[in-house]
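In the part that follows, the structures are each spelled out as structure tokens.
Look at the two complexes coming up: chain A is in both, with chain B in one and chain C in the other.
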Partner chain A sequence: MRRNEPYIFLVVLALCVLIEIRSGQFFTANNLTDIASAMIVPGLFAVGAFMVIVSGGIDVSFPALASLTSYATTKYLLDTGYTGGIWLPIVISLALGALLGAFNGIFIGYFSLPALIVTLGTSSVFKGVMQGALNSVQLAVIPPGMREFGTSSLFVATNSISGLTSRMPVAFLALLIVNGLAFLMLRYSYFGRGIYAIGGNETSAVRAGFNTKRGKFFLYVIVGMIASLAGLIRTCMMQQNHPTNMLGMEMNIIAGVVLGGTAIKGGAGSLSGAALGTLLIVIVENSMILLGIPTIWKSVFTGALIIIGTGVSAFQVLRANRITKNRIAWKEMSKA
Partner chain B sequence: MAKSLLRAVDIHKSFAGVHALKGVSLEIAAGEIHCLAGENGCGKSTLIKIISGVYQPDSGDIEFDGKILGKITPIDAIMLGIQVIYQDFSVFPNLTVMENLALNTELSQKRKIVSWKRIREIAQTAVKKINFDVDLDAQVSTLSVAQKQMVAISRALMSNARLIIMDEPTTALTKKEVQALFKIILQLKAQGISILFVSHKLNEVFEISERFTIFRNGELVQTGSTADLDSAKFTYYMTGREFGKKNFVPETIGEEPLLEVRDLTLDGYFENVSFTLRAGEIIGVTGLLDSGRSELALSLFGIRPASSGDILLKGKKVSIKNPQDAVRHKIGLVPEDRLSEGLFLPQSIQDNVIISEIDRLTTTLGLFDRAKREKEILRLVSDFAIATPDPRNACQTLSGGNQQRVVLAKWLACNLDVLVLSGPTVGVDIGSKHDIHAILHDLARNGMGIIIISDDLPEVIENCSRVIVLKGGRIVHEMDAQNANEQQILAHMM
Partner chain C sequence: MSTQQAGSNLKTLYTRNRHIWRLVIVMLAWIVFMALTKFNKFYTLINFQTMASQFPEFGLMALGVMLCMITGGIDLSAVSIANLSAILMGFLLKSIAQADGSLPFYAIPLMFALGMVLGAVLGAFNGLLVSKAHIPPILATLGTSELFTGIAIVFTNGNAVSKLPVQYALSINNKIGGLVPVQLLIFIAMALFIWVLLSRTTYGTKIYLLGTNAEAARFSGLKNDRLLIKTYMISGVCAALGGLIMLANYNSARANYGSVYVLQCVLIVVLGGVSPLGGRGRISGVVLAIFLLRMLETGINRFPQISSYYISLIWGSVLILVMVLDYFTERRHPFRKRRS
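Our next item is the complex of A and B:
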């Protein structure tokens, strides 16, 4: 299985250079900050989606999960007149995310039901609970603590030419922290190695001594928590809670993860690759205007990118396997 | 008598009404190489799973090292020193060799944090045990089958194995690799480790094992010392039938050549292959894995059309660029990989047998002629003795031997002139093997021309009138089967 990162990195670079040539505006401080800012929520979702795909599953419920938890958290805090800082909202979000993630985890981990089907179902359930049971409406006002978090910035970048400024939200730290923790977990803990093992060969994982049911269960709990955090950050950054804003993101996120070299059947892929793939999709979605392409064409380009990207990726894997087969055959022939 | 390491006494096991094991027993001494043989479904996998703790017996005892084991789990079995190497080796193709080697050890020590340095050390210790030279950082998916097996064996030795059970270890190995494996097994024996070796290949039983046990239909048929065993007894114990050894002798050979191949070449695989096949003949083509023999079969059937050269059928040049051409010219192929290329496994047996002659079972409107179809299905199932309670069952419910009969039936429903078979009895039980050969003899006597492409030398010598040996893509020798012997052919092949 070929490592994809160098290729994806080159493509990202090429795209950036192309946009820079066309508009002169890409490598400006404020544009780069905008891109980083736009990466926060998709980047967080991508970490969760990546881990699930590596484990051999697929999760399409995370936007609905995030929408439900962020709506519930915001509404609850509004109704109780909460005026404190961001920490309580984070704690509540994480708790709700863990709960909903556990819902996925029980069916996929303990009942061994196929992940795609389960998450398609829970996606509907989460949406239904939000729009039906909780009667969701757009919340134009959010608790002051969340608003402050959303408007606070690490720094402000100024475009020296146009004078435009962009904020780098504090939330970017969350993206870095989550990626960092995920990396450490996947590389240095047996829970993390277990995810790769399960994705590689679940029967072998059981025979080797992994508690695969428990592993999968906790994976979906963690993914639920990450998605929930992303939903909260989205609300803070938008300064309002729009219940259906994130719905439908799952396909592009998964596409970004796969573009970055994560095998859809599981067991292979790297966090950096997934991040690069997501970055590619984010750049395409955000920078069309700099290429002079109307934003209406955004989905056409994103779609084309996905088709070409996964096609190239699949072709590389095919070639690599053929080369490996021939290499093995040659080795055997020369031994004989 | 040496003290037993493992003694299974009077084991019974049923699954949902099917009595899989009917009071079988097995005994293995320390440092003994023991072969457990039997046809598919005889219960050998079930017994292994009981010994390794995956299943619990309904009644009977397992004694290990003199102590009776009660209820054990797979982890308990591993702690006792019982290691099973399954046919798929239980490896992780997406992880590195060193991770594969070290994972079991790390997990059994209840580790939570990974130390890559420690993993590498464990892996290095593991490969030293059998002097396995491999790149520890390589991804296991890039290894050959034999190397993956070595990984599985090294891993098994990490936890003080006393008994290693190998489930059909030689299925995917080349001859050289089988020899290498046997050397390792002897090394393990020298270290006092017992090996229980599941196999149905007679030559392996003779070559490597000291004692054997044969099951049939869940019962113990015979156990004893390999020295007391011979080919006829083995076949009889395995199948309960006696087979007269009948080498194929062609009855009436057609005057004119049925199939003639002139200077056939497939770039990169074989070149200038020429031979003639007449009606009533069975010729054998043999050679090593890279001799081009498999590709020759594919070229004759149009899957990999030849780059140059001529194929003549009944004297006329024909162009075979794809399988449809081949079928139109009445050539059929029983492929090497019957599971993925010869059958539609999830489909019913009846659909599989009629699929190639489907055009002849329709009415003028193009719909199925029900009566004709039913009659044809019944005829084929009975003519080929396909053992199934219901032809509407899926093909995957059949044993390997019966699946091969379905493939044959499918082709023979088409009134072919030439039938090419590539590795026709690989993975087929002895009973079916004899039956399939008998079917081929009959077909030849009825005027078909048959080409058997195989590396099973006894099969080639017994069933063909002429043998062609390929090496490195060229014909290096051709001889009459009557004058052929294995050593001679092997010498030409290598």
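Our next item is the complex of A and C:
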């Protein structure tokens, strides 16, 4: 399989240079820090979306899952008057995320139901629980531990010309850690290789002795945990919890993952490619102001990006199939 | 026809009917429940007329989604096609209205014709992406859904198109003979058209084969690409008609109207017994599911103590419950992935 990352890297680079030429503001310390900071939440979501797509499934419920777990965690801690550090909120939301992910996992793994329709259904259920049962409203205050985590920074970058400053949040470390763990898991663990195997050919994976049902179940549990972590971090970084403003992010994240060369039918793709694809989308969204394009064009651009990205990916699959077919034919011929 | 084929036909007839029987039972239970609890508020002519003028909006979109799902695909862009057509036709309506706000006689037929053409063009774009560019239908229609919504936002600057000539809303909200809403007639016409397509033409037989096994369909000499483009075009036309009805019902149009209908259409179609993997499903089940959903929602609205947010919880649970029921009632797993 041909590697995709060099191309997508070149596209990202070309875009950066283009924006730099138009605005002269792209390669400044504070703009780069802003983009890294804007990358944290989409980057975390992308790790989860990537693993699901590699396994041959698709998950559209993660924004609803993240909204529900972050809202429930924040609300519970506010009600109990919690004043401690960030670790308890992280543990609570990871546990909730695992629980809701297991909900997806049971239906997709053990009942073998189509992932798209299950996650469309569960995202509706999660939204209903949040807005109906929990009666969600915007939370303008968050517990002090979470606020502290959201405002603490690794370093502060200053633009030498305009004097504008940008913080690099500590949460960026979470993005690096999750990416690192996911990379190790996908490359070296039995479970991680199994995810690729399920996506490549589920029947073969079963025949090879991999427990695909359990594998899928735990995959969705892990993805639920990553999504809930992203939701919590977003709440901390925004210093408030707005229950519905993450909903609708799923399309852009999936687009980024597919743009990064992940085969939508599963079985092929790399984490670095998915991260680069997500970076591309984040840069496009963040730089429209620098480029002087009105924000009403945003959906047009994202839609076009999804179509072009998936089109290129589909074309590559087609070409890969054709090449293998030709090779087989060539071997047959040389034998004869 | 050989006896073997007749036997398998009988069997599929039985399994198909099971979906329909289940819907009928749930509907009867709901009818009885509403009769016992809120008889005076539910069983009025005006209530049923309101329901019949509301469900064609998403009912038409669901019919299109059903066709796509029979081919093994899905159309998630139906709502955005509906909104884009409603917005553009709203502009058209405003531009051809005379100074005193009245419409020339040809205005409404012209609008419907152009709206359907627009729907067909947008649908054909979906079809091209799915067939010629080989993009999986979910992603292709997600992408176009974002794109069409984006175009609608650019046209309207994100605002609603309103202050339309009232004559349009009045004539669509009219009741034929004081009894039957016009929206219902449009829905019935389209449902009949699709029923004829599916059961009386070779097109119907072909898309069932395409949905069951695309490879086999290709080797049987079917032009898969053309069939897919046609199917997505019909879906686009259905969606555009739904959009025109929305334009009349709200007397305005906006890029984000009816966003809940995306999930609702998929729910209806799966509930109606169409397999998400394609090749199976009947229009009678889907139409029943449309009625059932409207009756459930209207019924729930009669209980003011239940928050309307619970509706999305109920829809999601019903969708998953139906699929789990299918898993347990059918001996062979109905949704197991067939990999070629």
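As a convention for this text, the second predicted complex is superposed on the first by the 313 of 336 C-alpha atoms of A that agree within 3 Å, B and C clash if a C-alpha of one lies under 4 Å from a C-alpha of the other, contacts with A are read in each partner's own complex, and residues count from 1 in each chain.
The working rule: a residue touches a chain if its C-beta (ideal position, glycine included) is under 8 Å from a C-beta of that chain, and two chains touch if they have at least 3 such contacts.
Computed from a predicted structure; not experimentally measured.
Trainee: Looking at the overlay, does A:174 come into contact with chain B only (first), chain C only (second), both, or neither?
Mentor: neither
Trainee: More residues of chain A are touched by which chain, chain B or chain C?
Mentor: The partner making contact with more of chain A's residues is C.
Trainee: Would you check which partner chain A:271 touches, where first means chain B only, second means chain C only, and both and neither mean what they say?
Mentor: neither
Trainee: Does chain B (first) or chain C (second) touch A:209, or do both, or does neither?
Mentor: The answer is first: A:209 touches chain B but not chain C.
Trainee: After the superposition on A, what does A:188 contact: first (chain B), second (chain C), both or neither?
Mentor: A:188 sits against chain B, while chain C stays out of touch.
Trainee: Identify the partner contact of A:201: answer first if only chain B is touched, second if only chain C is, both if each is, neither if none is.
Mentor: both
Trainee: Would you mind listing the overlap between the chain B footprint and the chain C footprint on chain A?
Mentor: In the superposed arrangement, which is not itself an observed complex, chain A uses residues 201, 203 for both chain B and chain C.
Trainee: For a test of understanding, state which residues of chain A touch chain B in their complex under the given definition.
Mentor: It comes out as residues 1, 187-193, 196-197, 199-201, 203-205, 207-210, 263, 266-268, 324, 327-329, 331-333, 335-336.
Trainee: Enumerate the contact residues on chain A facing chain C in the complex.
Mentor: Residue list for chain A touching chain C: 56, 58, 107, 111-114, 116-118, 120-129, 131-133, 135, 201-203, 251, 254-255, 258, 264-265, 296-304, 306-307, 310-311, 314-315, 317-318.
Trainee: Can you tell me which positions in chain C touch chain A when the two form their complex?
Mentor: That would be residues 74, 129, 133-136, 138-140, 142-151, 153-154, 157-158, 263, 266-267, 270, 276-277, 307, 309-317, 319-320, 323-324, 327, 333, 335-337, 339 of chain C.
Trainee: Which residues, counting only chain B, touch chain A once they are in their complex?
Mentor: Within the complex, chain B touches chain A at residues 74-75, 86, 88, 90-95, 99, 103-104, 106-108, 111-114, 139, 141-144, 174, 176, 288-290, 494.
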